[in-house]
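One structure below.
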Amino acid sequence: MDPQQIAYLGLGMMGREMALNLAEDGVLVVVWNRTPAKAEALVCENIRAVASPQEAVTSGGIALSCLANDEAVEAVCSDDFLQALGPGGVHISMSTISPTTAEKLSRRHAGYGVDYVAAPVLGRPDFVKARSQRFLLSGPPASCERAQPILESLGSQVFPLGEEPRAAHAAKLAFNYTIATSITLMSEAFALAEKSGVDRKVMHSLMVDTVYNCPLFQGYGQQIVDDNVDDPLFKLSLGYKDMSLVADLARESLVPMPVGLAVYETYQRAMAAGMQGLDWSGVNRIVRQGAGEKE
Amino acid sequence: MDPQQIAYLGLGMMGREMALNLAEDGVLVVVWNRTPAKAEALVCENIRAVASPQEAVTSGGIALSCLANDEAVEAVCSDDFLQALGPGGVHISMSTISPTTAEKLSRRHAGYGVDYVAAPVLGRPDFVKARSQRFLLSGPPASCERAQPILESLGSQVFPLGEEPRAAHAAKLAFNYTIATSITLMSEAFALAEKSGVDRKVMHSLMVDTVYNCPLFQGYGQQIVDDNVDDPLFKLSLGYKDMSLVADLARESLVPMPVGLAVYETYQRAMAAGMQGLDWSGVNRIVRQGAGEKE
Amino acid sequence: MDPQQIAYLGLGMMGREMALNLAEDGVLVVVWNRTPAKAEALVCENIRAVASPQEAVTSGGIALSCLANDEAVEAVCSDDFLQALGPGGVHISMSTISPTTAEKLSRRHAGYGVDYVAAPVLGRPDFVKARSQRFLLSGPPASCERAQPILESLGSQVFPLGEEPRAAHAAKLAFNYTIATSITLMSEAFALAEKSGVDRKVMHSLMVDTVYNCPLFQGYGQQIVDDNVDDPLFKLSLGYKDMSLVADLARESLVPMPVGLAVYETYQRAMAAGMQGLDWSGVNRIVRQGAGEKE
Amino acid sequence: MDPQQIAYLGLGMMGREMALNLAEDGVLVVVWNRTPAKAEALVCENIRAVASPQEAVTSGGIALSCLANDEAVEAVCSDDFLQALGPGGVHISMSTISPTTAEKLSRRHAGYGVDYVAAPVLGRPDFVKARSQRFLLSGPPASCERAQPILESLGSQVFPLGEEPRAAHAAKLAFNYTIATSITLMSEAFALAEKSGVDRKVMHSLMVDTVYNCPLFQGYGQQIVDDNVDDPLFKLSLGYKDMSLVADLARESLVPMPVGLAVYETYQRAMAAGMQGLDWSGVNRIVRQGAGEKE
């Protein structure tokens, strides 16, 4: 791949895998993480760890980031960082954040001659490791072009979504809304069927053996049927965060989403019941409890 | 096929196709419809029309019915009809009705020695014509066995759901709930993405090109994207009826379904806005209108 | 009062008090109850108990009924009963039932020359005993006029609502919807304030010491603050029944009621958690539990 | 009154009346407003206008503020402002803002030796002019004591809510939630009753002539009945803002509020339909439109 050196900021479950994959491809990856230990643990021939985001970048270079939330991305994008990245620099932002925050960041970047490129990820850590995740991509065309081969090497597909940085982030939120809703609708359908004597395993088969024969309903449905939610691939608390971002986007955009609010409320209920550490498909448990079933 | 003669009651879009398919297989089909013209229009070598449900059946024989709602099924199952069907008779009930009505009917049938077999249909008229619809099946085992070859000849798959007549009807309602919810969630996701500059066609691709690559999201999603909802395959008013049955089942079963109620309310809103004659994917229009978009 | 003899059907908490008050006024009250013991327990100088609704009435006379639900009212209004009440007879129906059931009943009554007068009660047993409850009144004018003095003697106020039997029943449901919603909104407001350190007692004062200084918010608010809900004046299960009737009326009338559905769902949740025997203000407990508070 | 001079920041409909009332009491009021014209228009013997919040205050003095939203309050509380107010200074914050913002502000104030006192207002401009509004009060005890006589002179009642600045703001949000919900519940109840032939005027009487005989249901109910909502005393857009703050508080506090979300969604729907400039009781129009009624 073209760039000899790339900064990678944020080494959570997702970021870690992408940094390793870049290194595997022979790129020199300069990593930073808020908790330094996670950065140091990755150090090897092609990975160097630094103590601040600004030390990770070169002027006019490329920085990738994958962070927990809006606040974390805003904290990384300090004046020092943007100055160090400087004119011609590109920040490829892979986090799931508010489109409005992205727009604000994009304007701040532009003040330093840096391009903000939105590239949120569709896929969970297991996908990322296998390079089978997808990217949504939007931002200034020239910088998107520069990002394209990097994203293609890291994942299986890139969906171009135009020039507005908010677009890719909004699409990512809309997408996660569909997943949270699919999880919740299966939970409700199973609870309803079960009270009339239809086993949830059978109800799931009815779906995936017919018109729902796709990975989303197969995978999450199976997790729900097996109540296999204690070892999270994507935490319920992150699902609540994402549904909160969806609600915020709907608030600004003035899009009434009764189903969206019902799903949001269901996640809130699960959070209030202490389920934040489960996989987000674990919201099924709060649906069952609501129906009076004991765990 | 085994039985030489079968009664078919109810010749709507679905029933009509099944009666024709039975006749095509060489069975003598005796048809009845509330509006006689629809019955008479089908008369041919293997199809005979009669003026009442009881005239359509033979003692100990088999009657199939596919009717609009609970009231229509209850009206067909008069004392005269059950008496005519008599001991050893089997009524295969394909309508989408309340599990509680089914249980009540089942007990009434038993009083005449007739078995009530629940066999609701998964699929729309186009599927039915092509014999690719599926059946959910529950009821007394011996009569289910008798129903099995008939259903297999009419459709592509039969899902056995045990001995309780309510089971197949409940599963059918839970299934239709998942479809109405999938339609509504796409409508909301598209409206949300669109306000941030993501075209609904693109948002749909993101889904069906990745983890939603299944007929349900492909088919209904395409209809929504194209706003191809004026020529209904399944009317919005029937969607409202089905979501009402879902709400009723949840009421009796004490299963709180916030998402279910949100979808129900969305269909109600569409009904109040005069959209009852659209396809049920047309609920998308009320979602868009809610977001302030003009048609 | 004018009529020398009145039939009273249904001796629950409400009916019992009205029958006693009529007797106190010197009317001969002929009572019937499904469970005969309750009728027999009332027998005294002015109260006679009979074994069936039809035995309680005289031709062209007046029957009052106060029953649990639609089914109970329909069961009382048998052919025998309507025949016995006969031409010129008036049935004053005080139960909280569906306006659609009332219309159907009204037509059946008319077939026997009997007038159906809708007179549902605003007030709980303690009000009824003290003759301070109110009546909503609708039906054929001449029979409403005949009902008027009886209702005035039994309660404190009569609200005339026109000639349509459905009107008074619909108004009663709309009214009970406002109460269930007021109870739920206090429960939510208290739970919210409490998590920010505002005691529910104080939050309640803020309301009733300012613009909510009325019996409804004073009374139910106090019950909620004191968690005084174990000794029901109106059972939570009846609240669920009434909210179900509200939902049914909204369904037929095509009135989207998102708040109504949210309240309905909250009562459903309480029912699923086994709270049916509490006072309906006890729905507060499910709201608190949802917020993660232990009882 | 004790203090000879008070700063007043924010001269919207509410602030303007309070500044005038203070001046009437003989206090020298130094006013500031973001749009200077509004400040200059008030200048008189006891009112002086300045160009910035910091010019309005004296070291160790008292500043009152009544502003549109969190951002406006945060903008006023600049370092310069807090430095000018200095040790012993008290900022009495009357705006309806997020409890979390208030806590953050309180900590920032403390850094300059300034006390943040929360004193949000219950009441609309007409109340404020007549000094009949109420104040909720929380914050450091000594400063609350200093605020008390000022608030008592400006309004009719002060509710003490303890030492935490968040408390008064949370109580204010909970209170406004109850009003928005009361408005919406009347709207729904009227729409429901009307479709069964009960006039909304009559339905309103049923409420306020019985257990809802309090200013809130009398006043807002009358506005709804008369559709007198074009001349806002409190704008629908502010209602949406407040319901958004309620939703945010519920989000952080993990208090599931299905009714709250339903009311929030109803206001969102009204905003999307372009009703932001109506009085917040105008939400009734979106409820009626939803039920298919033409304006």
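We just call them A, B, C and D in the order they show up, numbering each chain from 1.
Here is the rule we use: a residue touches a chain if its C-beta (ideal position, glycine included) is under 8 Å from a C-beta of that chain, and two chains touch if they have at least 3 such contacts.
Please read all numbers here as calculations on a predicted model, not as lab measurements.
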Of the other chains, whose C-alpha centre is the longest way from the centre of chain C?
A
Comparing A-B with A-C, the busier interface by C-beta pairs is A-B
Centre to centre, by mean C-alpha position, how many angstrom separate chain A and chain C?
53
Could you work out how far the Cα centre of chain B sits from that of chain C, in whole Å?
38
Cα centroid separation, chain A vs chain B, in Å, comes to 39
Scan chain D for residues touching two or more other chains and write them down.
250, 254-258, 261, 265, 269, 272, 290-292
Under the definition above, what is the set of chain A residues touching chain C in their complex?
258, 269, 272-274, 290-292
Would you pull the chain D residues touching chain A in the complex into a rising list?
244, 247, 250-251, 254-258, 261, 264-265, 268-269, 271-272
Residue numbers on chain A that touch chain B, as the complex places them:
99, 122, 134, 136, 157, 159, 161-162, 164, 166-167, 169-171, 173-175, 177-178, 181-182, 184-186, 188-193, 195-198, 202-203, 205-207, 209-217, 219, 246, 249-250, 253-263, 265-266, 287, 290-292
